[in-house]
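Listed below are the structures to be examined.
Common to both upcoming complexes is chain A, partnered first by chain B, then by chain C.
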Partner chain A sequence: MVSALLGGHPAGALPSPVIEPGFFAAEDVRVAIVVGAIAAIVAGAVGVFTVIRGQSFAGEALGDVNTAGGSAAFLASVAPLLGFVVVGVIAVGAMELIGIQRPRGRDLATGIVLGAALGLAALLLYLVTTVHSTTGATQTILFGSVLTIASSTIAPVAALSVAALALMAMLYRPLLLSSVSTELASARGIRVRLIGAAYLLALAMTVALAAITIGTILSTALLVGPAATALRLTRRPGVAIALAGLLGVAAMWLGILLAYDSFDWPPVGTGWPVSFFVVSLIFIGYLLSGLPGLLQRRARAA
Partner chain B sequence: MFSGFMVNAWTVASIVAVVAGLVGFFVVLRGSAFVAHAVPNGSFAGAAGASLVGINTLIGLGVFSLLGALGIGVLGRRGRHDVVTALALVVMLGLGSLFLQLSVEYAPEVESLLFGEVLGIASNQVAPTAALAVVCVAAIALLYRPLMLSSVLAEVGEARGVSSFRMELCFLAVVALASTMTVPVVGTLLIFSLMIGAPAAARSLTDRPLVAMALSVAIALIIVWSAIALSYETDYPIGFFVGSFGAGAYALGRGWAAYHR
Partner chain C sequence: MTDRGERIGEEQTLAGAEEILSVQGVGVRLSGRETLRDVSFAIRPGEFTGLIGSNGAGKTTLFRVILGLQPPSAGRVLIDGRPRSHRNPLIGYVPQKFLLDPDMPLRARDLVGLGIDAHRFGIPRPSRARRALIEQMLEAVGAGDFADARVGLLSGGEQQRVLIAHALIARPKLLLLDEPLANLDLRAGQEVVALLARIAAEHRIAVLISAHEMNPLLPVMDRIVYIAGGRAASGTTAEVVRADVLSELYGSHVDVLNVHGRVLVVAGAGDASDLHGHDAALPGLEIVS
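What follows is the complex of A and B.
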């Protein structure tokens, strides 16, 4: 990955412009830009509901659960994406059984499933490293990178994205109503629990496609950060979804650009990880979006 | 199984189980499972950073878990709590991946930090773990009444002069302390199972807080002891046993509660 990135890139050429020569010429970068944008858009749409429903923990847990899915797929020699989706759906089912739909049980249901899945991941990773004696596998499974995506994964990832977005479009109105007021939704004849479970399915698909392309760290960051920022700036859910997608794509692209530039930063030739830049950008965006509210409170207090 | 270096493993793991059982009781009571996941998990960045600058891992873990926990407390006052926790976690992990990238020799240690290395505990790790455990238990004993009040009835607590915000910060600091001492032993990912599974099982068995805390500690000890024994016998990672026994204990507790209702 590194050598491919460095190919056609004059190391140590100074002074360096913001967009290095050869940035768009590198195949890795082009794939990362496309896949990163897809993941950010889907995560934005699903993430707005994750934030409204207070299910960030489930989103983050599903990302970690994917570690088990990834290593299981590695052991069974099937496509990792299949492992991610299958294990994610099983985890969602278990969370639903334990009681994620009740506000009081939500935290615990997620926690128990996460704990069990992590234990399983520990075993599977152990088997991966002993059976295949590939020590690098752990790192790849745990911290997948957007710059190591094979272009053959683009098609299944795109298909999964379309499926997740279609599910969200179908769920949109009943989900919105049952997220804002369970009582009102039940009174209107919406099957709140079914809608909630279908939403979790969309969440599992989103996290799977995000985790496999951009890694679990970024999957949580893109799911929660842009959506929370957007919801601080607007109260209208439709606008928030668009805004969250926009913010996510912006953070993703800027992060990839900075990571590409960072090959010239000390230590020269190593490069800083994309996830660090994207996460920092998202966090700064979230903090900045809190400023108007803070200033208002200050003004009112004065 | 009980000779030489294994003595350290048994001692340290027992200390960890006691602390996880006690702290975990409040984690489950307050619905703070996400924080209990995020703080130890994020603090791994501290370990990576410590190895990058060449200081003791324990210091890195301590600094990062405390900063992360207090950051969640302060930002969570205004924003949504789970959102802030998720963001704090990813920021710490992002820093961690940066530190890992910059330091070359650290990479092989990642797995042991994530999933624990209880069978490889050196004798010089016993004393600091015990010291931190004493501080942790003392803090819980001191905070017991106000923390209990503000966890169960926050409004009544406020009326009696117990600030929920201050209690939250104290509680988060205790979680950070517990993470610091437990992470090198059972790993960032699995201290969490211990802090959730055991107390959740205990809570489904009894409603009385002190009994539940004692039960929680007992269950945590059983989980850890059997996990060490099985890990020693089978060579499988200890995290697998801790994780599955934690979930198993909870399932048994739920089953027992359902049967007796």
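What follows is the complex of A and C.
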């Protein structure tokens, strides 16, 4: 199959055995490439802080909470991104009120909000499947499909990304020192709690972007995976952010490519979910990034 | 004001206007309990002061008051003649027990760089002047050799040096260090003390360093603030480390012994059981085997 394609590329297309003809011509693919890359870049910048602040659970919870936002948006016939952002911001506010900033209260507050939101999601998803008699919507909300995003979504995605990145750029220095040591930060007059709350806002925006590409419950993979991988490979915060973005974009684009190719795989004609490929690639990347350290320890032990 | 130590403290607050830090009658209540009572002392530029007291005596609480992180229930703190404010670039601070995740993507030079302007919003602009300043500060504390290592992987003494550089790079007039010697071995501790004494003298920075053991600081201390029983006595070591002054602070008799240049503060025979019961490790006391 692959070898048969080799000679048959139209002029200008990349002569590669994996990039099938028509890949870049499809509108779905072009939208997916743009939206996927934007989401991955923002997730890289925000995800590095999620990992070093130990807030992976908050990131995961905000993703899961978005299931309620996505299904509410579906029922109300508005853009899912809007549902994700609105519900995410409400969830952040609730966590903040319950007391997410106290290290011990943090996971508790997150868990309480998560439980309540998932209860709501259970109702809304039930309504989506029964009232609209569709199961495809549930699949899309939970596991996403970057290949089915409408091109009209690019503009709001870009706007939300610019806002999230601008917020992160503004917070960068005080947030980094707060993440290193709240004691050092507060001695410098940094309002640690306010900075933490503003960061959660950026996190909610980022999770909404990730949820629209790979689904609400998988969004945390794009947030945490490339960031954790990058943190294994560099000891510089700025480089970690850039590297996390690059790794995320690579996983996203390669995933889209494989999903496009998978239309020819069994069961032929349907294709495998793109989110499966993206998340698998992120996971493989994380495992591979551990190899150098492992080999080093082996060499030292020997 | 019946306490001799407090009288010494009062004398100093009246001494002159060039005091960089003036603590005046500070009292602190933490959850209903009086942690500190009527603490007064002053520090001038270039002075090396030891804040000595056993664990739980209130040293960290006093630091938090000076930094403006803990409002006092009585008294006030003046920094360079003005009331302390929440954000005070005049004070550099090195916290106690700094445990950094080894995975934290932060080189020693990045942490020092954060000392310049971490309180400002935005991303730092790399510049030659900025790099040079960081390099100079790393060299000044003897951290040049591990400038590019992850901070979380450095030893306690190395982290201490990086944190001192982080605090100094903002050019403070007062440097507070909370138990910097607690987690260091003898040699590393001596090196840090010598470094701080040099910094205080060369840059005219007042150094206030807390410790539960005064002996490592005796050669360099210009002044001592001794905390016990929620109160403080301050002055030169000759003025403060005396049986009568410390006995008043502790509220029971203690003896001050000088053994081979080391000061031992020991509970008097009559109160031995009492003192050893709740406060076995008096500051200065060394267990000699």
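Observations on the structure shown:
By our rule, the second predicted complex is superposed on the first by the 270 of 302 C-alpha atoms of A that agree within 3 Å, B and C clash if a C-alpha of one lies under 4 Å from a C-alpha of the other, contacts with A are read in each partner's own complex, and residues count from 1 in each chain.
Please note the rule applied: contacts are C-beta pairs under 8 Å (C-beta built on N, C-alpha and C of every residue); 3 or more make two chains touch, one makes a residue touch a chain.
These figures come from a predicted structure and were not determined experimentally.
By the touch criterion stated above, A:Val85 is placed in contact with neither chain B nor chain C. In the superposed model, A:Arg235 lies in contact with chain C only, and not with chain B. After overlaying the two complexes on the shared chain, residue contacts for A:Tyr286 are found with chain B alone; chain C is out of touch. When the two complexes are overlaid, the chain among chain B and chain C that reaches more residues of chain A is B.
Legend: residue contacts after superposition of the two complexes on their common chain; A:Ser56 is shown touching chain B, with no touch to chain C. Applying the stated contact rule after C-alpha superposition, one finds that A:Ile33 touches neither chain B nor chain C.
In the superposition on chain A, A:Ala244 contacts neither chain B nor chain C.
When the two complexes are overlaid on their common chain A, residue A:Ala259 makes contact with neither chain B nor chain C.
Of the two partner chains, chain B is the only one touched by A:Gly111; chain C is not.
Common to the chain B-facing and chain C-facing surfaces of chain A are residues 232.
Contact residues on chain C toward chain A in their complex (touch as defined above): 67, 69, 86-89, 91, 93, 95, 98, 100-101, 103-107, 110-111, 114, 117-124, 148-151, 163, 166.
Residue ranges of chain A in contact with chain C, taken from their complex: 48, 52, 169-174, 176-177, 179-181, 183-190, 231-232, 234-237, 239-240. By the touch rule above, chain A contacts chain B in their complex via residues 51, 54-57, 59-61, 64, 98, 104, 106-108, 110-123, 125-126, 129, 135, 138-139, 142-143, 217-218, 220-221, 223-225, 228, 232, 267, 270-273, 275-276, 278-280, 282-283, 286, 290, 293-294. Looking at the complex, you find that chain B touches chain A at residues 28, 31-34, 36-38, 78-80, 82-83, 85-87, 89-91, 93-95, 97-98, 100-102, 107-108, 110-111, 114-115, 187, 189-190, 192-193, 196-197, 200, 236-237, 239-244, 246-247, 250, 254.
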